[in-house]
Amino acid sequence: GPTLDAVKGRGFVQCGVNAGLPGFGNPDSSGNWTGLDVDYCRAVAVALFNDPNKVKFTPLSAQQRFPAIQSGEVDLLSRNTTVTLTRDTSVGLNFAPVTYYDGQGFMVNKKLGVKSAKELNGATVCVQAGTTTELNLADYFRTNNMSYNPVVIESNDEVNAAYFAGRCDVLTTDASGLAGTRAGVAPVPDDHIILPEIISKEPLAPAVRHGDDQWFDVVKWTVYATIQAEEMGITSKNVDEFVNSKNPEIQRILGTSPGMGKALGLDEKWAYNIIKTMGNYGEIFERNVGTKTPLKLERGLNALWTNGGLQYAMPIR
Amino acid sequence: MAQTAGAARSFPKGEAIIQCQGVHKWYGEFHVLKNIDLSVAKGERIVICGPSGSGKSTMIRCLNRLEEHQKGSIVVDGIELTGNLKNIELVRREVGMVFQHFNLFPHLTVLENCTLAPIWVRKKPKAEAEEMAMRYLKRVRIAEQAHKYPGQLSGGQQQRVAIARSLCMSPKVMLFDEPTSALDPEMVKEVLDVMIGLAEDGMTMLCVTHEMGFAKSVADRVIFMDRGEIVEQNTPNEFFNHPQSDRTKLFLSQILNH
Amino acid sequence: MTDNVHTGNVPTGSIPDERPPSNTVGPVAWLRNNLFNTWYNALLTILIAWLLFKAIPPLLDWLIFSANSFGTPPQVCRQEGGACWTFVSEKLRFVMFGTFPYDEQWRPLITIVIIIALVLASCDRRFWKPWLALVWIAGLTAVGVLMWGGVLGLTYVENTLWGGLPLTLMLSVVGLSVAFPASVLLALGRRSQLPAIRVISVTYIELIRGVPLISLLFMASVMFPLFLPTGVNFDKLLRAQIAFIMFAAAYMAEAIRGGLQAIPKGQYEAADALGLNYWQAMGKIILPQALAISIPPLVNTFISFFKDTSLVIIIGLYDLLGTAKAALSDPAWRGFYREAYLFIGVIYWVFCYSMSKYSQKLERDLRRGHRR
Amino acid sequence: MASETRDTARPSAPGGVSFSLSDPTVRAVFYQVLVVGIVIAVGWFLIHNTLDNLSKRSIATGFGFLDREASFGIGESLIDYHPRDSYGRAFLVGVLNTLKVSIIGVVLATVLGTLIGVARLSSNWLIAKLASTYVEIVRNIPPLLQLFFWYALVSESMPPVRQALNPIPGVFLSQRGLFVPVPSADPVWGTMGFALAIAVIGVIFLRRWAKARQERTGQPFPIGSASLGLLIGLPLIAYIAGGAPTALDVPKLQGFNFVGGVVLTPEFFAILVGLVVYTAAFIAEVVRSGILAVNWGQTEAARALGIDSGKTLRLVVLPQALRVIVPPLTSQYLNLTKNSSLALAIGYPDLVSIANTTLNQTGQAIEGVAMIMGTYLVISLGISIFMNWYNKRIALVER
Amino acid sequence: MAQTAGAARSFPKGEAIIQCQGVHKWYGEFHVLKNIDLSVAKGERIVICGPSGSGKSTMIRCLNRLEEHQKGSIVVDGIELTGNLKNIELVRREVGMVFQHFNLFPHLTVLENCTLAPIWVRKKPKAEAEEMAMRYLKRVRIAEQAHKYPGQLSGGQQQRVAIARSLCMSPKVMLFDEPTSALDPEMVKEVLDVMIGLAEDGMTMLCVTHEMGFAKSVADRVIFMDRGEIVEQNTPNEFFNHPQSDRTKLFLSQILNH
């Protein structure tokens, strides 16, 4: 397909990411991009070129992301984007498997003494422009017969700044984002609490634009490969031990028995490379957002189906 | 004053409408007018000449307080010109002025130019003001242009309108500051003709001009200024034929040979 | 005819000059004329003097006297009140150079120096010679080499990492130097006798001038590839630059058109009568004069254009304003926006103000050169 | 006398026709065809690519989305708006917000700019210097930076909503903005509005009558104070006649926020103050040069006629200065309107910000940007047409 | 043509360098030039006069195609003036023109004004062009001002530079359009002197002017135009002493009495 050819010809992947969401897409103090979304960009680069650095990151605001992917400004949008029907159809996107199951939540200052989102009638809410968050917020207050004052600002930084300055009572975004903001941005993290209500389903997934199914396949199976690897216990540390495994399923994934790579138009070692350099889904999760990170997120819905979560890879065969 | 040649002559003969005594003026450090004594009788026609920069304009502009003098006294029509705004406005009503560059109001028609001051200063009804304006416009032979704008007229026509505009205030004195020097030669005559007509009607006039023909034919008195002082004043006849001071002679030799 | 005007002895005046009365000159007279000439002016003077007296000491106090010295940690700053200049010293390099690799930041520094030197050199009318163009080409090449690297042993730096003052300067200087020739053509096009060319120029100019710059930038930053064949694309910085050029060209064309209109018809006729053809007449006679007349409006366009480079923050490029905001979003330093905005405000101001002063000087010079 | 040559009719076509490139008509046609050709080719190329790309990516096109439910909230709106309204209505809210800030901004900037421009010419040295300092500082700093500054200033230096400042009873100033009380609903307000309308009509007639009277008798009528009296007096009478209700809708802190009264939000405040302060500096320059452009001779001539300084300004100087001022003032108005799009950066829901959200929720980028540009073009065109009409009306008639 | 008084006389005597036949021109609906027949011999000096608006300027501006004529033919130095740009440029090289308002290029020095066209149109080396320019500047007695800008010169000096500038193209014909009418009276003579010098050197000249002294002393032929037609042409002697047509007589009485 045209996108895949273009990427191959160019020698790197153009990936749209969040400009500043700790744990998902964020440049660290030395300017290196980090985060779960970022790691999936790298994983695709590894699948194609066996080099996690063959990616060029384009930081995008919520409002810029769809025009950017539509226009071809980026090949892959990995920017905590919620899968919705409109986006799949009229925006013209194809969503890869969900990399993070999220839900929208609220953060408030402890001093307000609010315990539940149901108590937020009349509150002023800071929200980023052009997100599903903005829509869910409206829906939630509508269904609960409450009113609110939105303060809608374009960039995430500005939204956070407005909230912490006291312009709003409530900050709303995906729960994972709230955790990141509280951990990384709040002047005093303990002054703020995240309310228990999760008001929406926010399955976050990488997306590509319509028109190149092969490229879509590459991205889709890159994600599945990491999940499948976790299911089988393959990690970046022990992957080499599995190379000689007799398990035909493992052989197929790691390319010991050929065929899968060719079908995707990739090197037979594609999955091996991904796991070796980026790790499996669990590793990526823990590294970026897990309990040992400032975000301190539990696996929850993002646990494997075998552990009662939702992460379920399609069979690689 | 002994210095002023011809000062011994008994000017003016009639009742004085303008009286300047010991008038001095400075621009910053620059002494422009030096001890000006001048008395103008009702109906008198005075031509002022002198080299460029000698203070002619400054002097007549002091007479309606467009410039402020710093020493001496100026009394016009019985009113002394001091800082008092009321007095100044009273004097300005009685003193008409025509400028070198016409200074018509470009956003008003000829007629409106003429009626503006009568309506707003003399508080005349519009109809009356217009009627009078048309009379004066006719007199300067430009009545048919009354509804044009100044920008549509030639220089000579504009200057005639400017004269009519001043006349509409029925002034007692008219000041002219080189009224023809910004005009094309063909237009000089039409303006001079109007001024001669005015003079014949007995208007008190002070006119800064280099048109010596005009001076000879209408002036009662010619005043020669140089470096801020009145050097000589005399009847035109005497002035042109028997200039007293060297400076006058030099000046006359220059302009008449030209 | 004899030349009689300037010969002969000029007699001197008979009354000697006197000094003006003492109450009309000197400082007291100045005060009276400039501050207390009427009763309402006297009142206003007193009122304003009182306001200034109220406002200036606290301002100076915040700025200087109770300002915290360099090195005071932010927590202390917050308690002390006063300006916290540590913020500026701490974030100076980030604000000035953005995310350019820390160890390589001497490169953007030299870039700034080169660009400023080029601009200063071009300000001197003695240097308005053809070789100045060569110096510019050389200078801009050097800037490119320094910023990108990849040759001469310099490490390669992607332009997504550029930021701060070099980015601001490059966007405006490169933008203006490309937009300028384009705008001359547009201005000529707008005054062309050929209806089709005139219509196209007018449409372009009016269309661009009718919409806000940010909508153009937005289009350039995210929608541009839609207009190109699949797979063809330029880099984002370049596209922002193109948007700026399109924008600046339209505005400058209008400034130049004003100058063209001010050239008297006689100049065109004289050029024609001498047998110069269209391009010679334009190049040698009309444009030099028209551009000289257009300098004040042109410099005004330059100034507003320089200020407008700050809008790239909206499409995610880190120019000077962008880096300052990024520095402010550091949780440790949140709230020192007065210091941050004051600092970059001063930088912008110095550039714009010197430009406007320069244009005034140039205007005077040119006028003196041509008139008596 | 020699008879005159007859006027012959003008020949319809010029004489010789040749087809070399040095023939100016051939040349003109050639160049124009060339340029138009290039423009059409480039245009076709771009449009073709766009359509091609859109279809390849199966992106829906068209404006059908405008009828769909917007389902996002908007912070402030001049008309009733609810998330269940359509995208079209949301966009309209944005347009109205843009118009609101532009119109109020234009009025205030004109007033402030004129004051400062006149102050720069003041004979009071201190005022003149102060005014020129203002102009030099404000003109030379990017407007976006000034907006950020104003926004940060309100959101950081105002007290939190619970500790709102209460300078006058009923008026509250906090991070949520300025809340002021408004009189609560009462039939008397309607009557007062009616009385005001009558007063306006009365003033118009009074002016006519005064003018006619002056034309007749030459006596001017104190029209200014009489109109003012009428404009204030009539509604006041209506108010007292209606029982002089004093009930006010006073904002009260309720839950998270003040309820009641009207609010001036920080976002609106920041964008308005930012635009006004910035544009006023430019308008000041326009006004100053306009006044300076009126020849000093005009003032002297008026003075010499005995017209006092106030009337000189009103009747002679201002009408002429306006002609110089209006064209550059028009471009300042246009700039202010276009700069209102910077509202995007500080969260005021103007048309760009709402269109951006819309195009983002719907994916209709091209339509969205087209709507933004189209709306601005229409607004700009409207301002230009109005100002050009006004300029024509006051233009000087030249020879 | 029988209508034109004096047309029977045999002008011109020598070889014709300019030939106009039946030239007509309109501005919109307004007929400015009517059936102009004119033939100018090499070395001839022609003065054109007539009331304002009679089409004098328009006629001589047609001769180097600053204005386009709509009917008839104009042949200059053997080249017919048509729409063809090449021809027009060739003619303009051979025809110098001096305007009422000088139209010097204010951004170039006097010397640069003079060398511009030789360098760019005649493609002369710079040194040669400058040398020639200095020669002509000397001839108009202004060589010492060569490095000043036009704005620094008086009107008379500027007009002399304008003449030198035209001469630098070594034209075969010089056209003058009221070269002295924008000058202060003191400066008229210096310009006329230069023109007289030119005439004495045998330059073919067409000069629109009201300086009748000049006409009398140098012209071979005086052409009188009115309302777009050539009413009369004759030797100066005949023209001034025995004007044929009434219109000429009226005109002469006006300008001579002025």
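Letters A, B, C, D and E name the chains as they come in the text, with residue numbers starting at 1 for each one.
Please note the rule applied: contacts are C-beta pairs under 8 Å (C-beta built on N, C-alpha and C of every residue); 3 or more make two chains touch, one makes a residue touch a chain.
Small disclaimer: the values here were computed from a predicted structure and weren't measured.
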Co-neighbours of chain B and chain A - touch as defined: C, D
A-C or A-D, whichever has more C-beta pairs in contact: A-D
Central subunit by CA centre of mass proxy: C
Chain whose average C-alpha position is farthest from chain D's own: E
Chain whose mean Cα position lies farthest from chain B: A
Length of the line joining the C-alpha centres of chain A and chain D, rounded to whole Å: 44
Centre-of-Cα separation between chain E and chain C, whole angstrom: 48
Inter-chain centre distance, chain B versus chain C - centres from mean C-alpha coordinates, in Å: 51
Approximate Å spacing (C-alpha centroids) for the pair chain A, chain E: 84
Contacts with two or more other chains, residues of chain D listed in rising order: 53, 56, 152, 156, 344-345, 356, 365
Chain E, residues touching no fewer than two other chains: 85, 186
Per-residue overlap in chain C, given as positions that touch at least 2 other chains: 5, 218, 222-223, 225-226, 230, 314, 325
Residues of chain A defined as touching chain C within the complex: 2, 5-6, 9, 19-20, 27, 30-31, 56-61, 64, 67-68, 70-73, 154, 157, 160-161, 164, 184-187
Complex interface listing, chain D residues touching chain A: 53, 56-60, 65, 71-75, 83-84, 152, 155-156, 160-161, 175-176, 254-257, 259, 266-267, 344-347, 349, 353, 356-357, 359-365
Chain C partner contacts - residues on chain E that touch it in the complex: 64, 66, 85, 89, 92-93, 95-97, 99, 101, 103-107, 116-117, 120-121, 149-152, 165-166, 169, 186, 189
Residues of chain D that touch chain B when the two form their complex: 214-220, 295, 297-298, 300-308, 311, 315-316, 319-320, 323, 394, 396-399
For the chain B and chain C complex, residues of the former touching the latter: 3, 24, 26, 28-29, 31, 34-35, 70-71, 226-229, 231, 245-247, 250, 253-254, 257
